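Sharing a structure below in structure tokens format, with a few things to ask.
Should a chain be cited, it is by its letter among A, B and C, assigned in written order, with residues numbered from 1 in that chain.
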Amino acid sequence: MQKQIASENFAALLQALIDAGTRVVGPKRVAGTLLYEPLTAPDELVLDELPRRSVKEAFFPVCEDLLTYEKQGQEVQVQDVDPARFPDTVLVGVRPCDAAAIPVLDAVFSWDYKDQFFLERRARTTIVGLACTTADDACFCTAVGLAPDEPRGADLLLTPLVGGGYLAESHSEKGEALLQTHADLFSEPGIDQPLGLAEPQTTPFDLKKIKAWLDEHFEDQAWDGIATRCVGCGACAFVCPACHCFDIVDEGTEKSGKRRKFWDACGFWKFTHHASGHNPRDFQPKRYRNRIMHKFKYYDDKFGQTLCTGCGRCVRLCPVGIDIAGVLEEIEKKAND
Amino acid sequence: MTTETIYNAVGEAIRIEAGRILSDGTVTAVVGYAAARRNGSAQPVVITKPDDAARLIFSAACVNNLAVYLTKAKKELPREGRIGIVVKGCDLKALVGLLGESQLKREELYIIGVPCAGVLGSTLQPSVELDAESIADKCRECDDRMPQGSDFVPLVELPEQPALDKKYAAEIARLEALTPAERWAYWQQQFSKCIKCYACRQVCPFCFCEQCLCDRNKPQMVEGTPRPAGNTAWHIVRAMHLAGRCAGCAECERVCPMDIPLNLLNRKMARELKELFQSEAGFEVREKGPLATFSETDDESFIK
Amino acid sequence: MCDPNKNIYLPYLATVDEVIDETPDVRTLRLVFQDEQVRDNFSFRAGQFAEYSAFGAGESTFCIASSPTRSGYIECCFRGVGRVTEALRRLEPGDTMGVRGPYGNSFPIEQFFGKNLVFVAGGIALPPLRTLIWNCLDWRDKFGEITIVYGARTEADLVYKRELAEWQQRSDVRLVKTVDPGGNGSEWDGKVGFVPTILEEAAPGAENAIALVCGPPVMIKFTLPVLEKLGFGDEAIYTTLENRMKCGLGKCGRCNVGNVYVCKDGPVFTARQVKAMPQEF
């Protein structure tokens, strides 16, 4: 269903949700940096910039507890986490490159073993997307099959209108429910035109062709040239809407503590390092190769999807200027030769 | 002469020199900067063929400290024979430090020093023009625009450095004026953004340990998870390990995806060491910094 | 972990029932689940693994080394090389540890019915095969000839020494045990030579046979050509792969070899599958 909402009504919507005790999360400045944070007031929302980290952390937090343990003599008491820790949430200001990654992540988090930490949050979260009217030359969502107004992953997608306010289109029951519950704040779409959408910044990639090259070129000299400059940090993986690797550790003392999971990255040297000292990915080009392979081949092999939404964060934030869109361009060129 | 014109001339000189030293065998490789896909962008590159010298550039987007690629942390780099490296003054200070710590041998390096009028503080948008707003905070306080002791410096004159607001000095003064509780609160808020991506460590030429202390779990010195205690400990440990060594290239701060002002910690440490031990890193090749030596004239006022 | 609403990372609690030192640095722990329901219902197939935790140190991945045919307990066998394994080594009978599992695929034992089985193992890699060996011995009449070729660097490094003696005694098992040259003591009554060499000497027939191999990479590298020479096809050779793991259930993204997740698509693979993988293990 398509409706329209004026700017002041949008603010009123957020206030109504906050007042009802719903956790409203949107782009907000924290110590100067734009991140997805719980809002206490609508005017905290900042919508003119892409948040530094993606919205995946609303479902897959940077760090979270899995259990608590406490030893008493030879016994150990293990406590599960409190199920009440997954509150009802509405995410707002979510760009298509962030929202579209969430259904992609559904596949791995429900592969045979259902990860309730992710799935329970999914069930209790409504995603209100926001279409993009500007882009920079790091954006490449259109090159990987998405668009500045792609509705995938959004329950309700807002498109900015000339003169203010938004067109609001529901794409799921949750989106529909939001429109119904706050029907007084929405009106029928009028004559206001949507603002022009952001222009594509690069030509579309032939992901099938790229994958076909990756299928055959695990061993290729090209990886040295592409990846020797990679210094092996986790910035790209952590800011990425689709990367989901994690580590599990016990923290505390031998007597009591917690088991936690937290973000990890295949770029780190110790990601695949065995206790014996053996490391199957002992040099950086092998680790970087795994990143590209996982995103553009393995995830497709396993789940039929690409693990990249073209948000461009890794391009902007890589300490050494590795440009994943540039890498894909290079691969596509090789695939064509 | 605009900075762009100057840098184009620098780039041209680098290309010619790199081509020359690769052709005549002076070096087996050159680490420099090349253009990347985005408009105005630059990225580190290692070239081994004379023809590839045409790819080398210099611009305000050439922010990387390439010295990191010569450390033992980067095993991938081919290290036979002499290696050429393009360095700005701040990068050269890192090389000086590495030479002092026996990580590099001077005769293995062919240092191409660039006359530098400053680089961008952020390359989130690399096509941004270099001006008083976009210039890196470190460049506002730079004392080393013409790298000394290089093997080659492009014959390009730099214009007089305009007086720019010294942002680090101002911010350090602001923080020093806070109460300890306020200062703690400031840093806790900054560290709360830390996600333990270790970009700061990985770009730092002095973080060359093959296995970082904080990457070990036997023993576990610092919690590895991105939580308040572990984050605070991580940044303090790193600042302490760099004290007396840090060249002030501020790469750690630039690369932090969470905009944590890490270089403030390092600059503060550097100031303390200058005051206490009259010592500054990066100017002379020396084996030990003040924290690794004991002198009878060391300040002992803290012993009560 | 059959309840879909449960926290999949929550381990079962198990009591250390017995501690057996197999070698100076390899230990077996026999575990009994504390929860009665789990004790009665826990079942697994040979080849599967579990995540074993020493609370406070973390989790580590080992195969379930006991046979699925034995009820009431499970066993794990490991070497103390890191923080978690060293913490596990500090456990004493009566202590509590965690077990998550069973995970992974398993040996397709039903496809081995009526066939001859050739087990080839080296050093600490015997446990992943030992579970299957006992499974087969407990169902002895379902299989043809059973040959076990097992070796270690030295006599002291042989694991399951008591069971080796048992297998040697049995008339329905052909055990060929060996140590590397120089690894034998004065009373050694087995062969002396590297496992691939001794395997070639023992020359088990490939006709209607399945080979199951487990060992360090260098042993696998030299054993596969011997098996090929003896006439074993790639589909008739099985192995188990090991890789750094954390979640053990296909989410943390760490254990993949190419597009194969060792924790989900493995750890049991045929030689054909292993050869099709990119060589990053």
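We adopt the following convention: contacts are C-beta pairs under 8 Å (C-beta built on N, C-alpha and C of every residue); 3 or more make two chains touch, one makes a residue touch a chain.
Bear in mind that the values here come from a model prediction, so they are computed numbers and not experimental data.
Farthest from subunit C, judged by the mean position of CA atoms in each chain, is B. Taking B-C and A-C together, the chain pair joined by more C-beta contacts is A-C. Put simply, the chain closest to the centre of the protein, by Cα centroids, is A.
Rounded to whole angstrom, the centroid-to-centroid distance between subunit A and subunit B, based on C-alpha atoms, equals 31 Å. Taking each chain's centre as the average of its CA atoms, subunit B and subunit C sit 49 Å apart. Inter-chain spacing, taken between the CA centroids of subunit A and subunit C, is 39 Å. For subunit A, the set of residues touching two or more other chains reads 247, 249.
Residue positions of subunit B touching 2 or more other chains: 217. For subunit C, the set of residues touching two or more other chains reads 58, 82.
For subunit A in complex with subunit B, the touching residues are 30-33, 35, 52-53, 62-63, 136-138, 224, 228-229, 231-235, 237-239, 247, 249, 251, 260, 262-263, 265, 268, 270, 283-285, 315-317, 319-323, 325-326, 329.
Note for the complex: subunit C touches subunit B at residues 58, 82-83, 86. On the side of subunit A, the complex with subunit C involves touching residues 66-67, 69, 71, 74-76, 78, 80-81, 108-109, 111-117, 218-219, 244-250, 252-255, 257, 259, 261, 264, 266, 271-276, 278, 280-281, 286, 290, 293-294, 297-298, 301-302. Within the complex, the subunit B residues that touch subunit A are 36-39, 41-46, 64, 68-69, 74-77, 123-125, 127, 189-190, 192-193, 195-199, 201-203, 215, 217, 223-227, 251, 254-255, 257-259.
Listed in rising order, the residues of subunit C touching subunit A in the complex are 1, 4-11, 13, 15, 53, 55-59, 81-82, 85, 87, 94-98, 217, 242-244, 246-247, 249-254, 256-259, 261, 264, 278, 280-281.
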